[in-house]
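Next come the structures, one after another.
Next, two complexes with subunit A in common: one pairs it with subunit B, the other with subunit C.
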Partner chain A sequence: MSEPFVAAPRQSVRASGWLTVAAAVGLVLVFPIVAHSDYRLYLGTQVAIYLLVAMGLNLLSGYAGQPSLCHGALLAVGGYVTALATTDHGWSFWPAALASMGLTAAAGALIALPAFRVSAWYFALITLAFADVVGGMLVEWGGLTHSFDGVVGIPMPSLLGHTLSAGELFWLVSAVDIACFLMIANLIRGRFGRGFVALRDNEHAARASGISLIGLKMFAFVVSAAITGLAGAFYAVQKTVITPDDFTPDVSIFFLVVVVLGGSGRLWGPLIGTLAFFVVPELLTSLQSWRLLIYGIVLLALMLFAPHGLEGTLRSGWRKLIRPRDALPATAPQAIAAPVGEAGRNGMAVTITGLVKRFGGVTALDNIDLQIEAGSVHAIVGPNGSGKTTMLNMICGFFKPDEGSIRLDATDVVGRATARIARLGVGRTFQTPKLLPELTATANAMLGAYAAERASTVEVAIWAPRAAREHASLSARARYFLGFVGLGDRVNEPAGELPHGQQRLAEIARALMGQPRLLLLDEPAAGLSLSEIDRLGALIRSIAGLGVTVVIVEHHLDLVADICRRVSVLDRGRVLAEGTPDDVFRDPAVVSAYMGVRPLTDAQVPA
Partner chain B sequence: MDLDIIPSGLAAGSLYALVAVGFNILYRPTNVFNFAQGDLVMLGAMTGASGMAAGLPWFAALLGAAALVGLIGLAENVVAVAPVVRRSSVSHAWIISTLAYSLIIDNLVGHVWGPDPIRVDPPWPFSVTSFMVGGMRTSSYQLGLIVLTGVMILAIEQFYRTRAGKAVRAVAEDRDAALLRGIDPDALSRWSFFLGAGFAAMTGLLAAPTMYASTQLGPSLLVKGFEAAAVGGIGNNRGALIAGWILGLAEAFGGSVLSPGYQAASTFVLLLVILLIQPRGLFGAPEMRSV
Partner chain C sequence: MTARLQVEAIDVGYGHVGVLQQVSVDIPAGSIVALVGSNGAGKSTLLRAISGLLKPSRGRIVLDGADIAGLRPDRIVDAGVLHVAEGRRLFRQQSVADNLELGLYGSRLGRAGEDERYRLVFDLFPILGERRQSRAGVLSGGQQQMLAIAQALMRDPRVLMLDEPSLGLAPVIVDQVLDVIVRLRAAGTTIVLVEQMVERALEIADYAYVLQNGRIAGHGPAATLAASDLVKNAYIGTGHS
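The block that comes next holds the complex of A and B.
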């Protein structure tokens, strides 16, 4: 399609970003010269290594919301691979470090495989069990790992015959830190960041947007593990001796504390957390035996009072001080016209035959036949508990039917994963809006285009021109659609701060970003004012005008009568009536299902 | 291979099942999986051991430990669970807050009781003195533990059929709907933490004669108890019993055929394989309406 959307240039952000990088490079270059002591240089290198682990952990646990308690063990895998390869097997550091990354990532992928089909706390415990196993194996495989003696005499990396000095090692690790930071910043800015946050905050939103949960979680884990494995390689050469005691379970806890302290799921969190820890090293050495207690209290206090850590606290304090309002011009909030370049889409026909769904003893849907014409607006109405939402959930694959078939055009989608159905061009909204509360309305809408983005992972990681272009056009498109649904003036607000009714509208914008051919709306008018309902009606009509098939579950029958070509009435899991709104709403069976058999008398009207 | 692994595996597995039941008692009404559960078990073993060292009979030491640990569990709900769950019922902040609580218990217990494992006698009339039966080396305590665990878990399952038990299940299914039916979910959460922690204390005192009372107990039983709960299906106590036994046997088998260092690895591999095939465990509940 054509790209009529032009992103507003954001030179100021770019400039401050490069300034930050330049400052970081400057600090790194200067540090070994001004450190004046081997100990400080050693400490600086250690900070840089820990920062690497913390960034990897933050990606997985902070952004993607999968708390890992095995990053100490992954560090051990990375450390031992490099240590053993360079001492016992005579490898040079560089291939050994690559092997560290690869093997750590592979170990991570292996345990992540089953862990990712279950919820986050399972994952945390599985990683804990894994750490336990790694700790045991370091001792058990003594023939390989030298057991408690550890690996001794790990050589410094050398480059073209020159062995790195301590200062050069610091530079190397810091350069990797900066590269890693930029890579993560890019990943987070692009679709992966939105996908990760969706994994963390709302898996349903992720699936409905066409995201394969397992694939994306696996990606987060493998990247996180690879970064940690590389940190392990540096750890080994810096310490020159590593033993199993370097990688006790406390180490994993330590990294978790660092990430939570700095700000879990915040870009600068790991840096702030790591530095905070090393500002008070003396304190911690004298209180060594109370370390776990201190970790515990710090973690608990943070979860209670500052869930976004130091970064979040600083930032909200800063906001209170200056209150910036990044006022972008509202993008035609009032006019509802078919979006440019969007017309002429082929709506999807839905054919449902013999659909049955049982929940335990309850038959939620009982032998449903339903035909939804391509390009029509079709309402599903019925009393509460009649199976309307269940029907939507079956169409988009959240539930698997017990019997029957669902065909979207000619494709039978029964048994397909939600994400795959979404990618066929099925968008949906939810009865309770499922937005990502911390992301802006724009970012939420952009999530809807996740599956449509084409820039490769590498292109996103280095923010190649294609990724930048795609990002710019998508964010412009997202603002356009937010304007289209009437949220043009709220584009930069966190979605969690929008009123309920507007959250529904933002969900519609998100669904539209996926260029759906079938749009499923679950009670979009609930909680809207009368004038907002009128607007919604006009909105849905103009969406249908694009050729999109719209299926709407709704209680506002005026709205339904106004916009729908066909109405199906569900009652206790069966289709009670079907036809044009006029016919259906005069049907006595429908009236009695909705109103009760007898007409209401005064005495029966609830006060 | 040694046949001894059967009674010893089943006895260890029984303890894992008991830890898993403690998880389930808490999980059913709160949907919180308590990361401090292992340390509550450990604390039960320590306080029980101290009670017995002070001359209390086994049963009195048990009651004392259960009451004390129950209160610590209650305190956990107040400081580490209720506030974070109230802020957002969907977030997993409780993973970190209960983990934090476990670190605090672990460290404090280490300072109060020191690092040395404490030997604890089994309750009368059982003994850890081993004898041979059917070619297997076992002890009356091992056998008693296996039987007692089975009986207890069946009794607990009976409880869930009572009115109070149904209230727990109702809250697990839909907290708000239960509230409308006159069940107070917060009170239920408090009771669950008290009882779940008390149960953990009992588990600890039962574990102590074979595993010793030490701070080591906490982390290892946390992992093993989770494995039993996950393999059996979270929330399913009979599943936990069977899973506990399977894991106990697998661990003893792996330890005996390969080397003791492989105990943790054998149960871990088993866990991964089972979760890969059956993400909800062997006896897990079917999907629930969630959208």
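The block that comes next holds the complex of A and C.
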């Protein structure tokens, strides 16, 4: 298992990234000079501001999967804070912009609260209501907001006594855009990106990997709102006059349209969306009355023909043009050493006493007592519906037992959140693999180490040396474990494109990334071919060899007999039999309830 | 009502990735033909191509003389080819009865014909009759697999394609499911069986094809294949280290 694992170096990717940034900086620098008209410059600045909002919204709705219909309202909060602070209260722009970010972030945190309890659709409605409330307040709270008159005469920012020109404002906003883009790119590349996608695509996998959903959702809201608040500050100074009419509910919907049709959850989506849905209509102004009609038709056509947004369509078109799919990287692969410190872990003992779980009127588990020795491989077998998976779900904290206790070593974990139990060192896989289909096998495996990552948010956002080092070492570990489970040649493939059986193996790699002391495997051999089952057996044995306690729910009895020290048989929520595989599989009660008329041959049961 | 299904030299791919190349399979009427091979060899892809979920870029798929390659999936179901996909894809929130009724969707059996189908299905799977009001999601894994097969049977298939019917089932339930497959053959249904439990599949199949890396690596009567090294080699040949 210690054969060196190979991976292609990634320097070329970094180089093209910096080239892109350099190109963007160049474009931004020359634009005010070549724009030749105040109107175009004004338009350019506005696009840059909208892009900021779209990027913030994409982080929340695209990546973290929380659809927001209130980003127009958050823009209003940011705009009014800066407008009122600089006009009525005589603040300079810079502290006012900070206040915009802070207060908008606070508003974002407030809206985030219901998101912990309700599903995405209800949440979208709540955000819509929030947008309505903000719109109402702008009008009704006249003493503060000047009602329909709005705020007028918002001054341009000044720096060291010099008031910024329109061109300099464009540079400022664009610089913030680029910084924000890089920050989001870094966040997405790091653990937060994997966490967000897990939040969006599979909350179970997220919790089992030790991710606190509440903390991560709150983080997404606050960052997204802060970015939008900053955009609001720029919006106010650019327009110099803001009124409630600038922030109708349409504005919120417009941003969502930009993000979804640009390419939701894609890094370049907001830029493409903003250009397509803001610049193109401006270019059509000469067509006057036809403009809205054309716009509407284009929107409909996009929804029909570009389901992954413009970004997705452009990307697949680009691939068809330039990249033969089976081209291999030209650079020589480099070896990655095995991670250190994997051996000699202390497995966790599991003690279950008097466990009862009812679903409605059905008693799924009825007074179960079970002792799993530290460092052993223990199988739970039994007919379908006998409560095996329910048992795993109780150990890892998905379900709370009605009665009884579950102790991991000496810690009673009943009532603890799944993420906290995962952090104790409990990894698991699922009967139906719960991977994030769009992410690569490597990124999926890295999700398993989420709770162990130490680089702070800021370090990840600026890709500080510590974050980069941690990323590199985790990625190497992930590749190592993928090689360990037998997927060494598929590390860069999207997990959704792996065959079912290999997805199970990728889940084992993800669980191993969390350095578990207890590993729960739910039917890992289902759908594997016989030779793959042999390899799985060897794999589980070497995992146990690291000292990890393994609990396996499985129907392939040859495998169970091969690798397990003890077997518990469940039947209708009770322990029907328990002992060595040899004893249990000869028990007449087990044969009739579970195995049927085909008992194992002597050769398959170790003596 | 039984039918012969012939796949003639089809190529199938996802995007630019070719998955099946020059695959030909002949499934005689009223027989069980097993498709075996390691994960990723292309077995499920072949079933998806036959049922119209994927379009072959080349070749023909002939059902009793008529080419059905490239037809819409619902047309292929109308022609009598039913596909029970891997992993018990049921309407989990709906009752057993509703799932069976959805299996009738688009059929032109008429009231009497439909009642006949229900009788047949409940005769094959008495447990589904007992639990007809239960939600599909609360059935045990074995019962769900039976319901998935039963749902396909509601359309009175001439060809029934089963993708890994034993997946995740207790051994005693696997016996029951395989037993049902044998009974269906006796009633004249043509059966295409994809199964990782190769030995069990070859026990009940008449004929088998071995797929390896998207090609047919060999074929023969099931009993002959079971005794040969061809199957074993197909699994070892595509293995990952």
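Methods note: the second predicted complex is superposed on the first by the 541 of 607 C-alpha atoms of A that agree within 3 Å, B and C clash if a C-alpha of one lies under 4 Å from a C-alpha of the other, contacts with A are read in each partner's own complex, and residues count from 1 in each chain.
In the analysis below, contacts are C-beta pairs under 8 Å (C-beta built on N, C-alpha and C of every residue); 3 or more make two chains touch, one makes a residue touch a chain.
Since we're looking at a predicted model, the values are computed, not measured.
Colleague: Scan A:197 for contacts with subunit B and subunit C and give back first, second, both or neither.
Modeller: So A:197 meets neither subunit B nor subunit C here.
Colleague: For A:154 in the superposed arrangement: first (subunit B), second (subunit C), both or neither?
Modeller: Touch status of A:154: no partner.
Colleague: Applying the document's definition of touching, compare subunit B and subunit C: which contacts more of subunit A?
Modeller: For subunit A, the partner with the higher number of touched residues is B.
Colleague: Check the residue A:526 against both partner chains and state whether it touches subunit B (first), subunit C (second), both, or neither.
Modeller: Touch status of A:526: second partner only.
Colleague: Quick one: classify A:296 as touching subunit B (first), subunit C (second), both or neither.
Modeller: first
Colleague: Between subunit B (first) and subunit C (second), which, if any, makes contact with A:121: first, second, both or neither?
Modeller: In the superposition, A:121 contacts subunit B only.
Colleague: Examine A:487 and indicate which partner it touches, taking first as subunit B and second as subunit C; both and neither are also allowed.
Modeller: In the superposition, A:487 touches subunit C alone.
Colleague: Taking the contacts subunit A makes with subunit B in one complex and with subunit C in the other, which residues are shared?
Modeller: 431
Colleague: Where on subunit A is subunit B touching in the complex?
Modeller: Per the touch definition, subunit A meets subunit B at residues 65, 67, 69, 110-111, 113-115, 117-122, 124-126, 128-130, 132-133, 136-137, 139-140, 201-202, 204, 249, 253, 256, 260, 289-293, 295-300, 303-304, 307, 359-360, 389-390, 393, 398-399, 430-431.
Colleague: What residues on subunit A touch subunit C, complex-wise?
Modeller: Of all residues in subunit A, those touching subunit C are 3, 320, 324-326, 362, 381-385, 431-432, 486-489, 499-502, 523, 526-532, 535, 555, 557, 593-598.
Colleague: Can you name the residues of subunit B that touch subunit A in the complex?
Modeller: For subunit B paired with subunit A, touching residues are 33, 35, 79-80, 83-84, 87, 90-93, 95-97, 99-104, 106-108, 110-111, 219-220, 222-223, 226-227, 230, 259, 261-265, 267-268, 271-273, 275-276, 279-280, 286-291.
Colleague: Provide the residue numbers of subunit C that touch subunit A in the complex, in ascending order.
Modeller: 15-17, 37-40, 86-87, 138-143, 164, 167-175, 196, 198, 235-236, 239-241
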